[in-house]
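The structure appears below as structure tokens.
Labels for the chains are A, B, C and D, by order of writing; each one numbers its residues from 1.
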């Protein structure tokens, strides 16, 4: 079973040289730490920055330089700053190659719910609805089951949706799965030490298993 | 009767302190020469400049700095450069206070034709259609009659339209006229030495004459 | 053309009850701090505020919320604010949550004289309820309307007396798009200079969009999530 | 991520017959001179060119027209070009004239992922024929579609190897909006620098929009309407 770092490491393998990538808050943020050093990858922060660098050293924080999670950050050489309209303009125009974000639920046709739980205080969707509605390549990083032990990979989402038919791939502590265009979670890889049976038990949505499922390499 | 300079001088009196003004090609361009020096007026050039200054001195021309008429120009202190989308954005959003342009015909309901003569090579509308469709305050600078001696102030335009219900005021070599919201050319001022009768004879569209018509002061 | 005001109190003197305000900033970054303080001091109420966030309890729009000056908040994310949550749950405060890109683009639409724009954000979600859906090239889009606000209140780094603005780093965020979108736009700047001191090629917001400008004071520039890297090992520590 | 090409010939190597090109510039100002020369040399034909103007007989797109490489021209103003006129009148060339602001905004729409925009330009004129008219707040607007072009070819002043671009003065014009709008965007620059040499706050076109970049040579920068002021009186002449 993977920990959060493991999930981040596995997702980092999906990133290709030359990609522009938008990382959501939580596990996706950790992915930045595992991008191979010899790869040119540019991180987009939707508050208006391309070329996001690591966190600043103590004493070097700049209140004018934050990421979409409101964290103090730095800029790498070749960065560009722009306003929020252009930021979401480039997202809508599909110039960002890969979007990685968390989710509360994903349905077998790629719907995602990650912004609202009825009865709880709603903080808002931020940029998530724009990202999932526009991105061509969306990977969800999440736990396979919620705290109550219920599967988050469902036939249909039960929570209010963030977007429809958009998730392409899911990486959890148990598995890597593709969301097929026709519907269904296709099991690609097992986490180290996890059996296909365990993944079956944790998946309520339609799970497609074909042939031998390899253990993932991280 | 006014010459072109006279028309430009009379139109300059319509400009108020603090105005942002777009000047078309021809007589409108001359208006810039008669804006009182103590007035803060900013000229917009729709190819992407606010703060257009006079023509450069010989030897100081910059190929990267032209106006919408493709003429070499200069920038005044406080200028701003922007792209064509923002330029027409500010025009559409009615941030430009006054637009002055030439015309082939104006109708009594404020329609304007100034871009196309059937049977002749058509060069294009450039930014004219955007300007007349968006500007709140449009003054036309033109000759009262065409070269064939026919009135250019008509009940309806005969040439293909550039825009509808948009012209607010007309200054010709003979007169200053308002285009009334309900239709009709309301005679406001006569050019020096020009009689109301002469203006009547040169105007085919509905001319509204109320009370004494003063001679214009330039 | 005098756009220069003495201070925030003067610049916001005619902001009155029940008006709609666009307020620049993202989180606590790039906030028009001086104007917010002046609005709190003036005590106007029943405002509709459009801003990406609602500040925290004791900074940003949170200060206006604390004084019960806000009737309705239009934002994309409103976490990290206990008073906000209390007013919302008690029904004192009305909230409209909209996608961040939709928020930005509805501002741009106003500034570019476009009455409406199309975006796929929110298709198939509750955001789409009651809105026109339109398909282009097989993809569905929502039609979203340009904002119509009485005032836009923004913060820039530098500005000149003609209203030209330059922002710094990610404090740019929503400020340029909101600056274009107000019937009246008020800009507060860290440094106000004379015309000619800013490079025309580097202006982010041309002065035509800005009606009032003043040099602000005492910027606090609070950081919401101070996050730092592990300390650099000094050469001595390493050896 | 290698976006740097050796020269224009390499950068446009896969521009082929019948493609649609967006070409930056206004008049002869800010033209991608190197790429135009390379396209003329390559001899591709039946192109659809979208550009504000069509150049003059011996410069700009006029050079492509002379070689009969252009099947259709989409522009706002096409004067000052005798060969253009000849081809148009003889039916060899198809021309679509559209308002300048519509041209710019249809580029921006493509770059911002908006399938269509609304503009009042052309309402009540022949430009409106066959287009959807829609009323917002009592005013009519045309719905105009985002451009869909194979290549956008632009000229900037400076650029870095990551594709970030900075334009100079009014040579900016259509270049930034077209740079956003191509499936593949090629930028030629007067000076190509390393990442970090350009100030992130001053980038006009972020590199994410630019796929190929090269440093151009031998810029002619022709002036279409050289207009000068009366000579300054020297102090001696005055006295």
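Rule of thumb we're sticking to: contacts are C-beta pairs under 8 Å (C-beta built on N, C-alpha and C of every residue); 3 or more make two chains touch, one makes a residue touch a chain.
Small disclaimer: the values here were computed from a predicted structure and weren't measured.
S.K.: Taking each chain's centre as the mean of its CA atoms, which one is most distant from chain B?
M.R.: Computed centres place A farthest from chain B.
S.K.: Go ahead and note the Å separation of the Cα centroids belonging to chain B and chain D.
M.R.: Once rounded, the distance between the two centres reads 28 Å.
S.K.: Measure off the straight-line distance from the CA centroid of chain C to the CA centroid of chain D, and report it in whole Å.
M.R.: It comes to 33 Å between the two C-alpha centres.
S.K.: Quick check: how many Å separate the C-alpha centres of chain A and chain D?
M.R.: 37
S.K.: Listing for chain B: what residues touch at least two other chains?
M.R.: Answer for chain B, listing residues that touch two or more other chains: 49, 75, 81-82, 85, 88-89, 91-92, 134.
S.K.: Multi-chain contacts only, two chains or more: what residues does chain C have there?
M.R.: 105, 112-114, 119-120, 167-169, 172, 200-201 - these are the residues of chain C that touch more than one other chain.
S.K.: Quick check of your reading of the touch definition: is the inter-chain graph here a line, ring, star, complete or other?
M.R.: other
S.K.: By the touch definition up top, name every chain pair that qualifies.
M.R.: A-C, A-D, B-C, B-D, C-D
S.K.: Can you name the residues of chain C that touch chain D in the complex?
M.R.: 105, 112-120, 136-137, 139, 141, 166-169, 172, 200-202
S.K.: Using the touch definition from the top, list the residues of chain B that touch chain D in their complex.
M.R.: Answer in residue numbers: 45-49, 54-58, 60-67, 69-73, 75, 81-85, 87-89, 91-92, 111, 121-130, 133-134, 160-165.
S.K.: Sort out for me which residues of chain A touch chain D in the complex.
M.R.: The contact residues of chain A facing chain D are 17-18, 20, 40, 42, 44, 49-51, 75-82, 85-86, 88-96, 134.
S.K.: Once bound in the complex, which stretches of chain D touch chain A?
M.R.: Listed in rising order, the residues are 1, 110-114, 160-162, 164, 180, 194-196, 198, 200-201, 203, 206-209.
S.K.: Which stretch or stretches of chain D touch chain B in the complex?
M.R.: That would be residues 26-30, 52, 75-79, 85, 88-89, 97, 99-105, 107-108, 119-127, 157, 167-177, 204, 221-229, 231-232 of chain D.
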